[in-house]
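Below you will find the structure I want to go over with you.
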């Protein structure tokens, strides 16, 4: 984790109200892994008190740049849209724990809902780089909100679902999962909590339903690594990237927790944002 | 200390040549290297920011509120931003005093910076028992009582809003510990002065002021309050004028050191709090946006002293206080605006 | 009204076709054309902004605090900005009730917008006498008691922080007037609920919440507080979470309308206050930066109702309140953060 | 008084930490008189709560522009320095009452201390336009803070005093007044309160000291207009422009008062900012 001055090189509104910004920040480009995020400070005369967390959407070591992809949902995100090329802002990162891909996984299923794309986007690059096959299922409200293919690596199989059927599958992205479940060695998801919850249910029943191709089973039930450890996550079929309002983003304030299946709150900024789906207490009303 | 605060004159220990004396003597052997501390709940247990902050540059660390038993805290959301501030309702999530000692005390013992354990409870017995277990543990430099908690014995009435209850818990804890005892005041009262006096008389070594103001925010659909706990604590620059007022009032009625907290984001804020009688300052919310702020404030304070030809920062204390004439006021809250 | 606030269901007078019913019935014949008022002390006597604001578009005007005798107010400086807010210590400068009546009442009588006179005093007798003189004067639609004043009879203790004193002045004024009687609550208390209940029981027609938080700022050289009066009242967005909390608490324990004040700068703020049970909202500090805001809020509120297919704004009231189960709570301030 | 959107055309740092900004605001350029001011709003995401008052430094009807001249003393004024040409800000104005020049006054003495220049600057233009003679006495701490001659009309006689003697008279600008007192028909001042107070003392004793050329005397003592009226001010030898922290700037909040010699507080934003020197209670501690 570092404090770095990141210079805005380029900003584009890639979708209505959705921005893609490229920053020069070599330390972050080099030091980060897919699934991690940055905590970004607004300007001195902005009057904002808290930083804003954004996933590292892509990282390019060669050019020493990272991108963030965000939607303007409030005053803070709007503030960032007023930045101009050449402006430098203060980023704290890379933060949180990354996605853990099992070395033996060949087929990665990425599932993104809306802005969740920014959460898994970097993993697509990493996986392609490592010679894996990637299918990306993306769900949006309608065609106008669909992330442009042009911004994805050609190698990625990109499947779209829209709530209104204006593009791709008519319905929820989760409905597409069944088709790829057996093909996939592991799945990685980011998006609205109900979507992640639905996926977690599928994952939980997966072994029972399909009997096959669960990495867990392959290596025998015996030597299970401790929950939450990188090893355990690497073995998990489904990893999810969670969101929560944040204060410090370094584990100090306990503002960002989600309830763990262990019964103890887990810090999204420290134990997360990526979790194995079985680490989270999906049922129950705590904090919902 | 009291008169020193009011007049800026105090026995200044001869500083090592050239260097500015920033040390703060809180009594019972607790001498802070400098008057910039980090506030409870905003700096965890001191280890979380270690990548970007050298804790040994700080004047002190107040760790997250610690209770007798482990607490999972309040449902989420727990934090949100407000104009010029933020609301939090962590609900004192912590692993319990024994786990805190087990996990962190040895690390703390290795640090130069004093670690003050912030203690919370729901009954006098809770507080007493937690402090008893902290007593004598290497690495624990002092106690800060967070009395903005409901006194189950008194039907949930907060200790902090009732002079008698506040003095009661202070005295009870005082009896079981020789550790430096700080008691943290709540701003959610009509008149802080009788409460501050009662706590001082009950044996506190210092007062810290202030804790958060009670507030709420709403969820986007306005079907319910946003925070899982409904109520949250307002902190940050928004509350600075209130914190400044309370420190100004308290410094005039007690003779023990006052440590100021509330919306510090710059050296000007530090100097303001010193000027109204604070002997030291805690930085909280501002750390989230600017983790290196507290450390920078230490050197900036040193620079200011140098620039003004001071050997110590103490002459900066109490400059805005009325020169105390006779006994501390016992008047009720005057008419304000 | 109380139950209406809690549930959003109320006997809605059939609105003129198409138009949204924004009217607010405060009882005793005072029906505001809409729920957006301007707060006392921030809109003078209604005439100062006439170049840029048509007062008849407003739901109501609370004029500057009025006392029995003329007051020159506090020494300067009287205002300054703070993070997300401002401090003021005007000190109730006003020409006295008779001059106010002489100078403005006939103008007010010509206006469609109801003018509510904000009344201040230093003794129950003061309040009673001022209200007696306002009684029956054309152009005066109601009274708002500013009880954040020192009760000389009680050694300067503010009426507003003492349930008994607050109820006492309310009852005394109630006896001498049939004018709609609003009483304005102070946020500088540990628990607002017993005070709010006492005032309601004493015969107030509505409560307004909140007045300013007590705070201070320092002069540039830190030799003394900045404001001539030392203490000032904190207002503006910074205090909104506190005001929202207080309205939320008050709306649950009284059955009379609550008019919310504190940091309103946008329609979202208005909707927030309605959601926690306010029947109407006052805009204060925000007027200084944005004089046409209150008038814009009226049309924006109308738009929202249209967009949601509502005939009245009333269903927006109380949506974030717990559905009231049984009698109003009499519990002390719970543990907060 | 109006709310107008003013577009920044040009901004220059004319002196260290002192900025001159030109705004396109025809309504203000046309409708304003020397001595009046504007109350300016900072941007929506700036987090500031109050507007900032600035004198209308110059107004040009032809181009529909006004200028403001300010020093960065805090966060608000700093905010204005970050504006870029093309940005539009919200100005409330013209506000307050202007300087009142007696039609028979030929010789106008303007006295400015530091930023007080912005308070009298427009009067110089107006007086020259009306064919009057103007002497402008200007005081600053040191040569580096001296307002550039190039920004003044050629017709103005410009006399400078500096505290450190690095330019012009070595000492206070008030020390220069004696030389011009008899020449001047009227005097108009803006600057730090101690300077205005010193000038007010001079003005008060002027008739006694000089016996001559007081407009008041010329027209006989009899028919005195009510204090504070434009007529009374027009007859006054010395008019001063006062400063006070402001809330509304329209007379509503009573935040900006100065104590009047009448014993009632006077609103700088409404009865002022310009006052006849005898309207103000200069002695006494109220509000000092």
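Lettered A, B, C and D in written order, each chain numbered from 1.
Basically, a contact is a pair of C-beta atoms (placed from the backbone, for glycine too) under 8 Å apart; a residue touches a chain by one contact, two chains touch by 3 or more.
The structure displayed is predicted, hence computed values, not measured ones.
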Original post:
From chain A, how many touching-chain steps at minimum until you land on chain C?
Top reply: 2
**OP:** Could you tell me which chain lies farthest from chain C when each chain's centre is the average position of its Cα atoms?
**Re:** A
**OP:** Take the average of all CA coordinates in chain B, do the same for chain C, and state the distance between these two points in whole angstrom.
**Re:** 34
**OP:** Please compute the C-alpha centroid of chain A, do the same for chain B, then give the distance between them in whole Å.
**Re:** 38
Subject >> Centre distance in Å when chain A and chain D are each reduced to the mean of their C-alpha atoms >> reply: 59
**OP:** Send over the residues of chain B in touch with two or more other chains.
**Re:** 82-85, 88, 90, 236-237
Subject >> Two or more partner chains touched - positions in chain D >> reply: 47-48
Original post:
Touch graph of the chains shown: is it line, ring, star, complete or other?
Top reply: ring
**OP:** Any two chains that touch count here, so list every such pair.
**Re:** A-B, A-D, B-C, C-D
Subject >> chain D contact footprint on chain C (complex, rising order) >> reply: 41-44, 48-49, 51-52, 64, 72-73, 75-86, 88, 90, 93, 228, 236-237, 285-292
**OP:** Sort out for me which residues of chain A touch chain B in the complex.
**Re:** 1-3, 41, 47-51, 76, 92, 244-259, 263-265, 270, 285-288
Original post:
What residues on chain B touch chain C, complex-wise?
Top reply: 82-85, 87-91, 122, 148-150, 154-158, 161, 188-191, 211-219, 222-225, 229, 231-234, 236-242, 244-245, 248, 263, 265, 271-272, 275-276, 319-320, 331-337
Original post:
chain A touches which residues of chain D in the complex?
Top reply: 45-48, 75, 78-79, 82
